[in-house]
Each structure stands twice: as structure tokens, then as C-alpha cells.
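We just call them A, B, C, D, E and F in the order they show up, numbering each chain from 1.
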Amino acid sequence: MAEIKDLLNNVVLRPDGRAADELRPVRITRNFTDAPEGSVLIECGSTRVMCTATFTTGVPRWRKDSGLGWVTAEYAMLPRATAERTDRESVRGKIGGRTHEISRLIGRCLRGVVDMKALGENQIQLDCDVLQADGGTRTASITGAYVALVDALRWAERNRKIKRADKVLKDCVSAVSVGVINGTPMLDLPYIEDSQAMTDMNVAMTGSGQFIEIQGTAEHRPFSRDELNQLLDLAEKGNKELQAAQRAALAE
Amino acid sequence: MAEIKDLLNNVVLRPDGRAADELRPVRITRNFTDAPEGSVLIECGSTRVMCTATFTTGVPRWRKDSGLGWVTAEYAMLPRATAERTDRESVRGKIGGRTHEISRLIGRCLRGVVDMKALGENQIQLDCDVLQADGGTRTASITGAYVALVDALRWAERNRKIKRADKVLKDCVSAVSVGVINGTPMLDLPYIEDSQAMTDMNVAMTGSGQFIEIQGTAEHRPFSRDELNQLLDLAEKGNKELQAAQRAALAE
Amino acid sequence: MAEIKDLLNNVVLRPDGRAADELRPVRITRNFTDAPEGSVLIECGSTRVMCTATFTTGVPRWRKDSGLGWVTAEYAMLPRATAERTDRESVRGKIGGRTHEISRLIGRCLRGVVDMKALGENQIQLDCDVLQADGGTRTASITGAYVALVDALRWAERNRKIKRADKVLKDCVSAVSVGVINGTPMLDLPYIEDSQAMTDMNVAMTGSGQFIEIQGTAEHRPFSRDELNQLLDLAEKGNKELQAAQRAALAE
Amino acid sequence: MAEIKDLLNNVVLRPDGRAADELRPVRITRNFTDAPEGSVLIECGSTRVMCTATFTTGVPRWRKDSGLGWVTAEYAMLPRATAERTDRESVRGKIGGRTHEISRLIGRCLRGVVDMKALGENQIQLDCDVLQADGGTRTASITGAYVALVDALRWAERNRKIKRADKVLKDCVSAVSVGVINGTPMLDLPYIEDSQAMTDMNVAMTGSGQFIEIQGTAEHRPFSRDELNQLLDLAEKGNKELQAAQRAALAE
Amino acid sequence: MAEIKDLLNNVVLRPDGRAADELRPVRITRNFTDAPEGSVLIECGSTRVMCTATFTTGVPRWRKDSGLGWVTAEYAMLPRATAERTDRESVRGKIGGRTHEISRLIGRCLRGVVDMKALGENQIQLDCDVLQADGGTRTASITGAYVALVDALRWAERNRKIKRADKVLKDCVSAVSVGVINGTPMLDLPYIEDSQAMTDMNVAMTGSGQFIEIQGTAEHRPFSRDELNQLLDLAEKGNKELQAAQRAALAE
Amino acid sequence: MAEIKDLLNNVVLRPDGRAADELRPVRITRNFTDAPEGSVLIECGSTRVMCTATFTTGVPRWRKDSGLGWVTAEYAMLPRATAERTDRESVRGKIGGRTHEISRLIGRCLRGVVDMKALGENQIQLDCDVLQADGGTRTASITGAYVALVDALRWAERNRKIKRADKVLKDCVSAVSVGVINGTPMLDLPYIEDSQAMTDMNVAMTGSGQFIEIQGTAEHRPFSRDELNQLLDLAEKGNKELQAAQRAALAE
């Protein structure tokens, strides 16, 4: 791994001058707005996502009397998050496949670190709204939503809706994108790289270094087991750094 | 008018300590995001709206070959802009009446100061997304959208899409809410006052002091011609100050 | 005011020969159909709107156990109410912004004269369906819906659903359009004038001469405080006459 | 047949005192509204349907360059056409099965008497809106829509959109309901009878006595070939009388 | 009738060599899939429909506490059941008129042979999905759904949801299409004939030879009483044979 | 790997008696229906999916004049593919997130082996309709859709829509599910295992042993790098066998 890193650092020139295994600057702002139980602005390079967590007593009907809580997520892009304006899904009258897919991914990742029994019959809704999109919006959403989730659980503890926030969380979770560009595995792709990537993978990991979600797509060129392993190494490095940023933000 | 003002300043106690004829602090941040031709964050007290302006060459089909441009607007609230989470209209599969009503209002106000001939066959789409709602979101949207519109026109001038931005604008426009609370006319209502108002009026005015939109609603208690006049006086004062804030922001 | 009227009567020539401050002929037919608790056909010139009032015991869920009633309205146009056929909103699968806006306006106006406590936990739904449109359909809807509402309340009194219909009504309400055409303020605009109006205002007033709704739009040319005052004078005159027609119809 | 008729007239007592083979009073009002090319109010007893015909140059895309015209129909009920208010399909966001079924039936019946070649590449849209429903709304719609169709074709002839209206019409068409109630076949069922009918049939016939549509439903009790024949006899009698009413109206 | 048959057999040449009064080969496969209470594949020539019957305890809300059961049906086509691919109605976001019409027809036909009292407060949902369409899909659906319905009732008897399956069924039901092609009445039309038919009729009959549904359409050329009678004779013959196939399948 | 396999074969007892690394029986039936250019029924154990491929000349508008073809996919479940009936998405009026997610996955996998340049401006639409669901419906869809795609390309070659089918295909593709159940990695999970899996992964691979899609989800328990590697080994084995079944079917 060390050798690969050296090699990459020497050879590859990324548009923003980063090394192949380097994250974009991460900034996590808590209490970004006042109303939500958790409200976080996460910035990964130019990508900016507002993540809010809403804590509600009670669970959806299908989960009633189970003694278990529920965590769900919704993702959306503001119309001018992108270079070209995207029509609102509310105006089109239906949610597109990409939005559905990402919302479900975020929900699964966050549920992966929550002890539903400890949460009790309470629901947390995570809303990830992309203010500006420059690649990696789904992974930034997961990383930011985790911080909002923690804030919402702390709020719930303070307001005696749950006993102990720390018991609800089995671990932390973050996510990052990796991809192969011109044959070189790289970490944390901005839009310009993402659109050239032959292979593209989103990896969500826990603080203990295990996987919650791996989604690798190779529409443009299949990838080998070797490449997969290099990508997972990069993802592991990136997620460790993102989790450090989460911890720092939560310690403030 | 002067007497009324004195009286109000002495007697009424507003939750945030303002005088009856006093605006909440206004902050207008240009270039809030990078992608749009105009991108403004407007803050009126705790109300925060992100207003973007998208400039596109060409007009909708029904306006083709007219030699005239078009300006349109869409308004939306993020789910946790409010104390209680609001379901997304994209998820519900349809746009609610309130959203429709406000989007149309914003569009009319901005069209009211645009010379469609000078704009030529180009379209400007204004998107007003409420990040945080504390009353007056529709009037803040109008005031902020005007600044985003100016930026988009300047961009279009720089990029030779139009000849002169200043020729497209016939005047500036801002809007403010006024209302009667416990019998007292007041300027710029936050949510807590808005929900108690017997009468509620949104007034959009041009820099030359004329009206573009007046929408007065008295679902809870009809209002007299006298009260109307007092409300219009307050709105005039508020709009002058908002227009000063617009000018200051645009001069930066 | 008298001088203005004289002046207008002498100078302006309206397509239908009316004076500037003259209403179109109004005809209000009660019991237009048999099934509804209130059923009214209102004709203002060529504009014809069928207004029905449905009285139902009980209120929507969000208002249960409040002791208060509810009044709501829906407006729609038949496809060939207009010169060009309009597609049905049921076929398009969604309600347009204009329909939403007008439905909400009618609802607010009627609620403005109803004492919800006296109504008790009962609901009145007003349906205003435009059979023929020649300008002023929303104001005709309000004026006609009031008469249907009264009939529904009388029905409810006769059927012992409420104690006294007259206690439920705080006042009567009617509405009329006014506008500035070629610089001249005019009352009750048919379509041909409406489409030329620089400024356009809909004014709903109670029998005691107070305002319930003022909606002034100046998409094409802003209007001054002076013009506003002249328009309000005209609206006041028009609403008085419409309320006389309502009283006459209800006395039959 | 004569014997059956005598028998029925003597024995059966219908709620409105009619004989078993007697139509409800029919009234056809042409030019009910001004805008449409054909506008008819048809009243069959208490059932009232407004039928408009819209003539448009050109045909839908799938029929372009065929040299053939097109005729289509849409049926709808106003919310309080019925004793209980029905929610608007525009508000529900979709058209129900019954509405779809009836719209398609009306379209087929009218197309059945139109020579598409003689119509040329022009389209006629028939809108049947039920103002009051007391059984037989679909058959009244067909009978009324035919008159509106004739008026639209005459308009098109006068305005030189088509050469000769009479060449476009291959025949006239009307429709009527018949049903078996307590074992007795009856003509033209009002709602109270319709809801008791074991068997229910709608029969559309041309002036020459041939069938365009037969729709017999026996959800509650199957019917024999004999009963079918009696019902068809009644339908034949009813349609002849309806066609006389159509001719009388068109002769005015 | 015998003469007509002879004549037809001698003269008419059908694309598949059948006599005018001859059914296409029918094949009914029970237990086509494992999960449903009744699961049938019916093949009529190249037309193939999968019919499943779902038995559920309880009835829709509007029928609760009536002591009566309910039977309903949904029909759909797979996208490539036809020569040209049809867009999915789920993707279009709404159900088309044809689908609605057929679903309702199937439901009425099956309800026509069910004793709702004997069924008790239980619901049977019939799903008819067309795998391959070659004319007569709606009649094949009815014929196949009946077999699936019987299987679901037998399942319910075995599982003690109802007392006796045979008491729930008042009779059997099947359906077949008939039509006039180039002046000749014919039985069981495949797509190629159906598209040429001047007149087209679907006839659902019980085992006792009575009618449950007759739907005759003559968009292209009206039909006489004589033709109607010939078509009904053919339908009677066809339905008898289809009911024999049903009995044979159910006896296996 | 060999040791693991031995271990698994000895210790684990799967409900259907399979070894941990054993596929369910696979059956691929080509020409399942007549109309589509490619029509395949794939059966993996009790899971049965009908996969059709529709070849159309021309591409969607956004891809016109690119010289490139397009491949897209739609997945759906029949209502009674499952033990409990699922409501139709067409009836609900919208497509659910799961359906969207799977449709997109299938599309990406198939595009991953198609040379869009060699396909030219032609489109292939893959429809995967689940007749019976017992786990692994999305992976069976991919495996079956590949065979349907090949048949459609061969059809296109025979009909001279493309030059050579074999040049369009860069490789073959199949997919299989793997998962960890009670700590044991297993291949090809039926529903009963899938619902107990702590970790669940779908792996699409090419004939050359490279990855096109990896989707691993660990909502219930995160998985380690070691477990990932074992799962990928199993997936590789399974995909090789599935590709042999594809080849065998295509050779018939």
C-alpha cells in the first residue's frame, strides 16, 4: 500500500492538485439551522449538503408495538446545485430513480449503526438536501447525516425521549467514493473526475473498519479483483479521515 | 404618520423588542453558491432563503418568435425549514396550493420590473428555497430573488447574452409583510406574530414607490380602509429600507 | 368621487357601452340544481358560475374536537368555458397553480364571514364550476358561493344540524374586479378588458364595507397610491350593488 | 310486443308513475353556452348533462397525414351532481375507472356515425359534464353529444372548415338505458330504479335502427335470451323517441 | 343455424384455417405458480394469460359488517405481450382507459356467479396478466379467472376460511369474443381478425346458458338485430365448449 | 478456498439441502413468447423471471446523432409473485424505490457488456417481469436478460439492423447473490435465507471474471474484509456456472 501511495503521489496529476489518496478538504458545521433536532452542513470540496435529523416519538404503523425504532432518509438536489438547472421532482410529480436509489442507500447506512431496540419506538428522519454538487453527494450525505443523527440523539437524551444516546449508536459511519481514472485508483472524486471514471465505487464503513455498504459500478469498463482491492484500501484510508472529522466536529 | 410611529414605538412590545415599524435585521449574501448565474442567501431575522437565478438562452415554446423574454419563479421549503417536519412535495407527488400560490406571486413581482423586449428571447428562472422559515418567506424570496436576478443579468451582459443589464431592469422590487396584531399595525412579522395576525398583507413595491403586488387577507377579522392605509404606510417604509439593503449588497 | 364618475361616464367608451363605474348585469338563480344543500347559478354579464354548497356533519381530522366548523372551496373551469378548449385537470393528473390560487382565495373569503364556533363541528364545501368565462370568474364565484352558503345554513337549521343560521354568519361577502385600462380605473372587467388591463385588482368586502381580501397585481405597469385609492372606491361601489343583488335573491 | 306493453302499463307502478315502456320527459337546449362550436343542455327527467363540441383543425399526431378526422369524448360529473358529494378527479390526481369507461363509450358511439374521410383532418372533442345525475347520465350524454356534434359540423361548414356537414354524418345516434326490475323489463331507469335493477343495459342505436353499442351487465342476476329480446325492443322504442327529440331540436 | 354453419365452413377461409364457428385450441394449466391460492395459465391460441386468485380474510372498509364478501379484478399487459412494446402503466404513472374498462368487466363477470353471502366477509382478488396477446385477452381472462377462483375457494375450504366452496359458486362463467368480418359472423377472433372486424362483441355466459355481460361495439359499421342474433348463437356455442374445458381442467 | 468449501459442505444444513457453495437448479428457456426479439424464461430454483428484449431502430432524443446505441431495463413483480399480494405500482400511480433501484442495476449491468458504437443508433429495452419470487430476482433478471439481449442482437443481425451481433457484445454477464447466514457465507440465497442474512451481496461478473457491479449491504451487521473476500469467491464460482448455463441455452 505504501508503495502504491508513493507512486501515485509522484505520477498522477489531479485537476485540483491532490494526491490520488487524498481527500478534499472536509468541513462539518453543526447547528446550521435552528429548527431541526440535528442540523449539519457538510462541505467536501465544493460539494455542500445540508443534513437535518428529525426526531419523532412513535414509529410508522407497520412497526408499531415492536419495541423497535426506525431510521429513514430522503435525499434531494436543489435545482441549481448543478451546472445545468435540474427540474424539481415535485414539479415533475414523481421522484426519479437516482433519488430513490440514493435515499435508500443513506437510510440503510445509518440504520447499520443504530441499535433499534435502544432507540425504542421513536423515529429519526434524515433529510439530505444538496445545495451544491461537485461529486460525492451521496457519500457526503451519509457522513453528514451521521453527525446530525448524533445531535438528534443527544437532543432526545436531554429531552428525556431516550435514555442514553451513546447506547443507541453501535458505531459511527462515514462514506467516500473511489474510482479508477485512466487506470489509476483514486480517492474522493469531484464531478470532473467522476464523469471520466471507468469504475466508480461508494464505500460506507464503520469506525471499527467494517463495511456497511459497497456499491461498485463498472458500466464503462469492468474491474478486476486487484483493482477492487486497491479501491477498498483507498476507501478505508478516506473513511478513517472522515471519521476523524466527524469526531472533531462532535467534540466542539 | 409621524405621530402614529411615535405612539407605536412607545407602547407596543414585540417579542423580539422591535418597534412596530422596524424591520428585522436583513443580510444579503451574494455568490452564495458557485454554479448559478445569480445565487443569493437572504436572511430576514431567522428566515433564510436561498435564491438562485438561472439564465437560459431561448424561451418556452408558447413565447417563441415573440422577441420577448420570460421570467418565472419556483418556491419551495426544505422539510425542516419549520418546527415540525413537512413532507416533501416530490414524495407526495404533487405541489400544494400554498407553494403554487407563492411561486406565482414571486414570478409576477419580478416580471413587473423586467423589460421583456430588452431581455430578448432569453429566460430567467428564479428558485427560492427556504432553508429556515420564521415568517415572511415569500417576501424575503422576492427581495432576494431581485438581487439574484441582477447578478444573472450582469453575468449575461459579461457573457454577451444580452447587451445591457441595466436596460432590462425598469426598476428594483422588494416586498415586505405587514399585519394588524391586537389592533396594532406592524411591519415585518415573524412566525409568532404572523400566526396571531388578524389581518396580514404582503406588499411588493418598486424603487419609485409604486405597487406591484398587494395581497391582503383578513380571514380572521376584516379590516377597514383606515387600517389599510396604515399598513401601506408601514410597507412603504419597510420596502425603502429593503431596497437600500439591496443596493448596498449589489454595490459590493 | 362624484366628479370622477361624471368624467368617466362622459369620456370612456367600454366595449359593452357601460360607464366606467358600472357593473355588468347580475343574475342570481337559487336552487339551480336539486341535490346540493345550496345551489346557485350566478351570471355576471356572460360569466356564468354554478356554485354549490355541501353541508356535512363533522370536520376534517386536523380540526376534530376543536368545537369549530370548517369552510373550504374548490374552483374549476369546464373545458369549454373559454374560447379555446382547456384540457381537464383530471386528465392532466394535476391541478394547476391558477386553480389552486383561486380555490384558496374563495375559501378564505367565505371563512372570513363565518363564525366557526357557531357553525360547530360541521363542514361546508363550496364548489364553484365555471360554465362560461368572460372575466371575473373568481369574484363571481365568491359572490355566488355566499348565497349558496346561506342556503346551506338555512337547510342545516331546518334539518336541526345547527341552531341558527343567522348566528353563523358574521356578515355577508361579495367580490368584484377593478382595473386600470389605458390609464382609466374601471369596475368589473370582462375578458376583453381584463386582458388589456395594466393593473388588475380583486376586492372582497363585507356588508359593513370592510375588506376581506385585496389582491392587486401590476405585472404590466406598477400602480400608484392614488390609483389604488380610485380602484378601491370603484370596488366599494360595485360590492355594495352586488350585496344588494345577494339580498334580493335571498329574499325571494 | 303490443301485448307486453299493455300488460306493463296496467300492472307496474313506477315511482314517477310512468309506464314501463315510457321515456322520462326529454328537453334539448341548443346554444346553452356561447363559446363552443356546439353547446347543448340535455335533460332526461332530473338528469342534466351539458354537452359541448369543440371543432379543431388538425388531428392528433398518430393520425396525421391519414386524410381522416377524429372524434373523441370526455365525461365527468360535477361534485354535487349526486346526493353525496363526490371528490373531484382532478383533486385525487387520477381518473377513475367508471369515468374512463363512459368517456370511451361516448367516443365510440359518436365515431360510429361519422365518416372520418368526409370530416378530413379535423378533430371534434365532445365534453359531457353532468350537472345533475339521476340515472342514465351516459346515455343522455350520447344523445346530447350528437346534437352538439351536428351544431359543430354546421359551424364548420359555415366557416368553411369542411365542405358539407351532412356528408360527414352517416346517420344519427342516440342511447337509452333499459333494465329488469323485479322481473319486469323497463325503459329509461332513473337512479332509484337503476340501483334496484338486476340487469342493466345501455343501448346506442342509429336512426336506421341498427346497433352501435350494446352493453348489458347482470352482476346481480344473469338474464336469458328472452329477457334480452324484450330489453332490446324497449330500447328500440326509446331510441326512436329520442331521435325524434333530436330532430325537433335541430329543426329549431 | 345449422345451415349457416355449413355455409361458413365451406366458404370462409380464416387465416388459421378454422371454421367460422370454431374456437382456437384452449389449454388451461392449474397451479401455474406456487404462491397464489389459485394460479392458472390459460392459452387460447397464441393468447396467454396468467390468472391468479388471492383469497384474503376481511373485506374493504366500505363493505365491513355487511356479512358479504367481495370479488375484484385487475387486468394488465406485460410490455411485450404485443408486437410493438407498450409502455408500462406504472412508468406512465396512470392506468389507461382500456385497462380500467377491462378490469371492471372481469370483476363484474366473476361477481355474477359468486354468492357474496356464502363467501362471507372474505375478499378474492383476481389478477389477469397477459403474457402474450393475440386477441381475446379479456375473454380469456374471464374464462381463466373463473378456474383460479374455484381453486382459491377450494383452498379456502381446505383451510377452513369458508364452509363449502360449492355453495359460494352459483354457476360457472366463461367468455368469448365474436365478430362480423367481411359480413360473416365468426367465433373467437385472433388479433388479425379482430383488427378487421366491423363489429366486435364479448359475451360472458353462465353454465346455465344465461348472459352475464354482453358488450357489442360497432364503431366501424352498425349491426342489425339479425346479425346480433347470429353472433349470440356463436357465442353460446363457444362458451359451452370453454365451460367444458374449465370442467375438464378442474377435474384433474 | 477448497478447505472452506469442504467445511461448509460438511457442516451447514440449508433448508433445501444444498451445499453452501451450490447454486439452485437453473433453467433457461428461450423463445418463451413469440412477439419479442428476445424472450427468455429464467428459473433459479422457484424464482421465475420472464425477460424480454425489444430492439428498436433509433435512440432516445438525448442520444441522437451520437452514433451510439442505448440499452435500458425495467423490472417489475406481478402482484402474486410473492406470498402476500403486492399492490400494482400502476394502481398506486408511482414506482417504488426498490423497483427503480433494481431497474437501474439491470440496465447498468447489461450496458457494461455492450459496445454502444457497434450497436449504432439502436435501442434495446429489457423487460424483466417476475412471475414467481423466491429470492435473487434481480440477479436472475440480469442473467436472463443477457440471453434475451443476445437473441435480440441475433434477430437484428438476421434482419440487417446491425452488421454483426458478436461485435456488439464485449463479453457475457451474469449475476448471483451471496450472503452471510449465521456467520456462514453462502451462495444463491432463496427468500427464506435472504430474510435471515446479516449481510447480502449481489455480484455481476463478466465471462472474463471481472466485476461489473458489486452491491453489498450490511444493514443488520457490518462485514469484514475477510468475509467480503469469501463472498466474492462464492460469487465467482456461481457466476461461472451461470455463464455455462447461458452458453448452453444459447447453443441450442
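Remarks
The rule we apply is simple: a residue touches a chain if its C-beta (ideal position, glycine included) is under 8 Å from a C-beta of that chain, and two chains touch if they have at least 3 such contacts.
What you are looking at is a predicted structure, and each value in this text was computed from that prediction instead of being measured.
Number of steps on the shortest path from chain A to chain F, with steps defined by chain touch: 1. Same interface as A-F, judged by over half of the contact pairs sharing residue numbers, among the pairs E-F, B-C or C-D: B-C. The distance from the centre of chain A to the centre of chain C, each centre being the mean of the chain's C-alpha atoms, comes to 52 Å. Centroid to centroid, with C-alpha atoms defining each point, chain A and chain B lie 34 Å apart.
Taken residue by residue, chain F touches two or more other chains at 93-95, whereas all remaining positions touch fewer. Listed in rising order, the residues of chain C touching chain D in the complex are 33-36, 39, 46, 48, 50, 52, 54, 56, 74, 76, 78-83, 85, 88-91, 93-95, 99, 125, 127, 129, 131-133. Residue ranges of chain E in contact with chain D, taken from their complex: 94-98, 100-101, 103-104, 108, 111-112, 171, 201, 205-206, 208-220, 222-225, 228, 232.
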